[in-house]
Amino acid sequence: LKLQQLCDLLNLQYDSKKDIDITGLNTLQDASNTEVSFLQNKKYLSELKSTHAAAVFVTKENSALVPEGSIALISDNPYVSLAYASKVFAPLVIEEDGEEAIVKENTIIQENVYLGKNTKIGKNSILMSGTYIGDNVTIGDNCIVYPNVSVYRDCQIGNDTILHSGVIIGADGFGFATDEKGKHIKIYQNGNVLIGNSVEIGANTTIDRAAFASTIIEDMVRIDNLVQIAHNCKIEYGSVITAQCGVAGSTTMGKYCVVGAQTGIAGHIEIAPFSTIYAKSGVSKSIKHPNKHWAGFPLNEHKVWLKLQAKIQKLCFPEKLLKG
Amino acid sequence: LKLQQLCDLLNLQYDSKKDIDITGLNTLQDASNTEVSFLQNKKYLSELKSTHAAAVFVTKENSALVPEGSIALISDNPYVSLAYASKVFAPLVIEEDGEEAIVKENTIIQENVYLGKNTKIGKNSILMSGTYIGDNVTIGDNCIVYPNVSVYRDCQIGNDTILHSGVIIGADGFGFATDEKGKHIKIYQNGNVLIGNSVEIGANTTIDRAAFASTIIEDMVRIDNLVQIAHNCKIEYGSVITAQCGVAGSTTMGKYCVVGAQTGIAGHIEIAPFSTIYAKSGVSKSIKHPNKHWAGFPLNEHKVWLKLQAKIQKLCFPEKLLKG
Amino acid sequence: LKLQQLCDLLNLQYDSKKDIDITGLNTLQDASNTEVSFLQNKKYLSELKSTHAAAVFVTKENSALVPEGSIALISDNPYVSLAYASKVFAPLVIEEDGEEAIVKENTIIQENVYLGKNTKIGKNSILMSGTYIGDNVTIGDNCIVYPNVSVYRDCQIGNDTILHSGVIIGADGFGFATDEKGKHIKIYQNGNVLIGNSVEIGANTTIDRAAFASTIIEDMVRIDNLVQIAHNCKIEYGSVITAQCGVAGSTTMGKYCVVGAQTGIAGHIEIAPFSTIYAKSGVSKSIKHPNKHWAGFPLNEHKVWLKLQAKIQKLCFPEKLLKG
C-alpha cells in the first residue's frame, strides 16, 4: 500500500512528494522505514525523536518533533487514525487461498480438528478432537494439543510443547481508540504469538496476539490454568505463572520468575529475572532488582509485607497484645 | 399452565377460585399478571406490596401483605418453592421440533459448527469451527464468532459483534435454593442473554443467562478475556471491562464505565455512569456519583486510596521517614 | 514394572536383592507396598518413618530414616527422580486399544462429540456438540454435558450432574521438578478426577487431575464459572464455590462451606466444614473451627475484618471523625 493511499483512506492530508510503500504499523521504537507509527502519549516523545518509522500519526502540535526522514501525518486524534489504519492492514479472518496443511510423520490428528491453510504440524505430535488451528500456524514436533484448543492464525509453537484443553492462543489483544463521539474503534491486532520449546500451558489460559509484532512465551515457561497474558507481553525462559494470574499488555517478565496465583501485573513494565511474587499480589511498577521476594498490593518485599500486616494488626487491636 | 396445576405439582395448598394461566416466574418488581413471584428476603417487602404478580410464594407470616389482585401461595420456604417451580417452566435443553436454522447471504459457516433449531444468522457473518449456537438464537450481520464459542439457547446477539474463542454466552446463572435437609435445589435459569451491536467479548469470558428476563450487554461494550458477568446484570453503552473481572448477579453498570483488571463487583448494586474503577478493586456497594475514580477493597476514591496506602506505610514504618 | 528396571531407567543404583513389582507412585502417606514414594521436604520426615511404600526416593542424608520393609532409592534430587519416574507410569495420551464406548438408553449424543475407548455413559443423559470425553471415562445417569466440555481420560462423573460449556475436567495438575540446570521436568499427573452425584459445575471452570490418586468433588457441590480447583483437592458434600475462586493443590474443603467470588485458597490446608469465606479473601492457613465467617487477606474473622478496615480509616484519616 502506498502511503498516499493510506492517507486517502483515513481522510488525512498528505503533502509529501515521496511515494512510499507501507507494509504495516508498529511502535515508534520498533517501526522500520516501511512502517507507520503514532504518538498518542507524551511520555513517548523521546521515542518519537529517534523513530525510524516511514511516517507518524501526530497532532499538529507535535508534528515539528517528527525526525527528518519520517513524515508527519497530522491527525486530530492520532490513536483513532492508528485504529482506522490497523483495519487496512488486517489479514483476512479466514484465508481464501493457500496450501492445504502439511502434517509430518507419526502425528495423530483426531476427528473434528480444523487445520487452516499454509499450516504446518511437525512429527510425533497429537492434536485432539475439537481443536482449531488457524491459517499459517506452525506447530513443532512432539507437541500435545488437548481437545478444544484454539490457535488463531499466524501463531507459532515450538517443539515438545503442551497446550491443555480450552487454551486460546492468539485471540485479539484488547485494543481500541475512542473517538470524540464516544465510539470505540477497534485496533486490529495484526501481530501474532510465538511460543517456544518445552512450554506447558494450562487449561482455559488465554494468550493474546500482539497489536504489532509478537507476544512471546520463551522456552521452558510453565503457565497454569485460567491465566491471562495480554498482547505484546514477553515471558522469558523458565518462568512459572500459577493459576488465575493476569499480565497486562507489553510487560516483560525476566527469566525464572515465579508468580503466585491470582496475581495481577500491570502493563508496560519489566519484572527482573528470578523474581518471586507471592499469591494475590498486585504489581504496578517495574521490579528492577532481580532475585527478590515480593507480596501484596501495593507491592512490598515479602518480608516487609509480613511486618506491615503484623503492624497493622497491632495498631488496630493493641488490646490483643495485652491478652497475648 | 394453570396456577392450580402448579400448586399441585409443588404440593402447595390452593384456595383461590380463580383459574389463572401462568406463563412463568419473575421478580416482584417485574412480574406481570400471568407470572408468579416470591418473597424470600424481607428487604423486598415494599416490592411485595406493589407487585402485579398473579401469585406470590410467601410464608404464612407474610401472606397478609400480598396485595389485592395477587394470590398468596403459602410455603414454608418460598425460595425452595420457586426453585421447584422454575423446573416446571424450564424449556427443553435441546428442542425436539422446530425449523432448520436460517443463514443469510455471504455468511461463512465453517465445518463442525452446530446450529440449533429456529436459529437465525444474519448476513456477512463468520461462524468458525467448533462453535455451538443453540436453539432459538439470533445472531446479526457482520459478526465474527471465533472457534469453540458456545451460545446457549434463546440468546440474541446484534450486528457487528465479535465473540472470541471460548466465550460462553447464556450458561446458567448460579442459582439454587437450599432446603431444610441441606439439599441444593437448582433454580432453572429460564431467561436469556441479549448482546447489542458493535460489542467485542474476549476469549474464555462467560456471560450467564438470566434467571428471569435477560442479562443485557448494550451496544459498544468492550469486555476482555476471562471475565465473568453473572445472571441479570446489565452493562450499559460503551462500558469497558478488562481481564479477569467479575460482576455478580443483578448489578447494573452505567454507560462508559471503565473497570480495571481482576476487579470484583458485588451483586444487586448500581455503578454510576462514567465511573473508572482501578485494577484489583472490590466494589461492594452502589457507586452513586458518576464520573469519579475508585480503587481498593474496601473501595475508596482513587486519590483517597493512594493517601491511605501512603499513610499506612508511614504509620507502620515511621523510621523510614527519618531515613528518607 | 520391576523396581530394578525403574532404577535402571532413572540411572539410580539398586542394591536390594528383592524383586518387587511396582504399580505406580504415591505420597509417603498413601503409598502401598507396590508403590514408590519420595521425600523432598523435611516437614514430611514423620511420614517417611511410617510409610508403607515399597521404596522411597531419598537423598543419601535421609536414607537411614527409610523404615524397614521399604527400600531407599538414593538420589541427589528425589523430586527430579519422581518426575522422571512419573513419565514411566504415565498412561497413553490416547488409548490405542479398547472397547468402543457404551451409551445407555435414552441418552442423546449430539454430533461432533468424541467418546474415548472403554468409556461408559449412563441413561437419560445429554452430551452436547463439541464435547470431548476421553478414554476410560464414566458418566452417570441424567447428566447434562453442555457443548465444548473436555473430560480427560480416566475421570468419573456421577448421576444428575451438570457440566456447563467450556468446563475442563482432568487436565494435568501443575507439577514439575526443576533440576540443577534449571530444566523443569514434568511430573506426569497419573491420577484422575472423581465427581459425585448432583453436582453442577459452571462455564469454563477447570478441575485438574491428581498427581496420584484422585481430585475429589463430592455430591451436591456447586461450583460457579471460571473457578480453578487444583490437583488432589477434595471438596466435600454440599460446598458452594462462587466465580473466579481458586483452590491450590491438595487442599480439603469440608462440607457445606460457602466461598465468595475471587477468593484464593492455598494448597495443602484444610477448611473446616460450614465455613463461610467472603469474596476476594486469601486463605493461607487451615481453618480449624467450623461454622465461622471469614474475610480479607490476610484472613480474619469477618467481624474482625470489618473492624480492622474501620480502624485503618480512623488511624489514617482522624480528621474525618471530627467532620462526621
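We just call them A, B and C in the order they show up, numbering each chain from 1.
By definition in this document, contacts are C-beta pairs under 8 Å (C-beta built on N, C-alpha and C of every residue); 3 or more make two chains touch, one makes a residue touch a chain.
Model, not experiment: these values are computed from the prediction.
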item: Same or different residue numbers at the chain A/chain C copy interface, by half rule; value: different
item: For chain B placed onto chain C, the superposition rotation in degrees, Cα atoms, nearest 5; value: 120
item: Chain A and chain C, separation of their C-alpha mean positions in angstrom; value: 30
item: Set of chain B residues in contact with two or more other chains; value: 112, 130, 148, 166, 204, 226, 244, 262, 312, 315
item: In the complex, chain A residues that touch chain B; value: 93-94, 112, 114, 130-132, 134, 148, 150, 152, 166, 168, 171-172, 174, 176, 182-184, 186, 204, 206, 208, 226, 228, 230, 244, 246, 248, 262, 264, 266, 282, 284, 297-298, 304, 307-308, 311-312, 315
item: Residues of chain C defined as touching chain B within the complex; value: 108, 110-112, 126, 128-130, 144, 146-148, 162, 164-166, 198, 200, 202-204, 220, 222, 224-226, 238, 240, 242-244, 256, 261-262, 279-280, 309, 312-313, 315-317
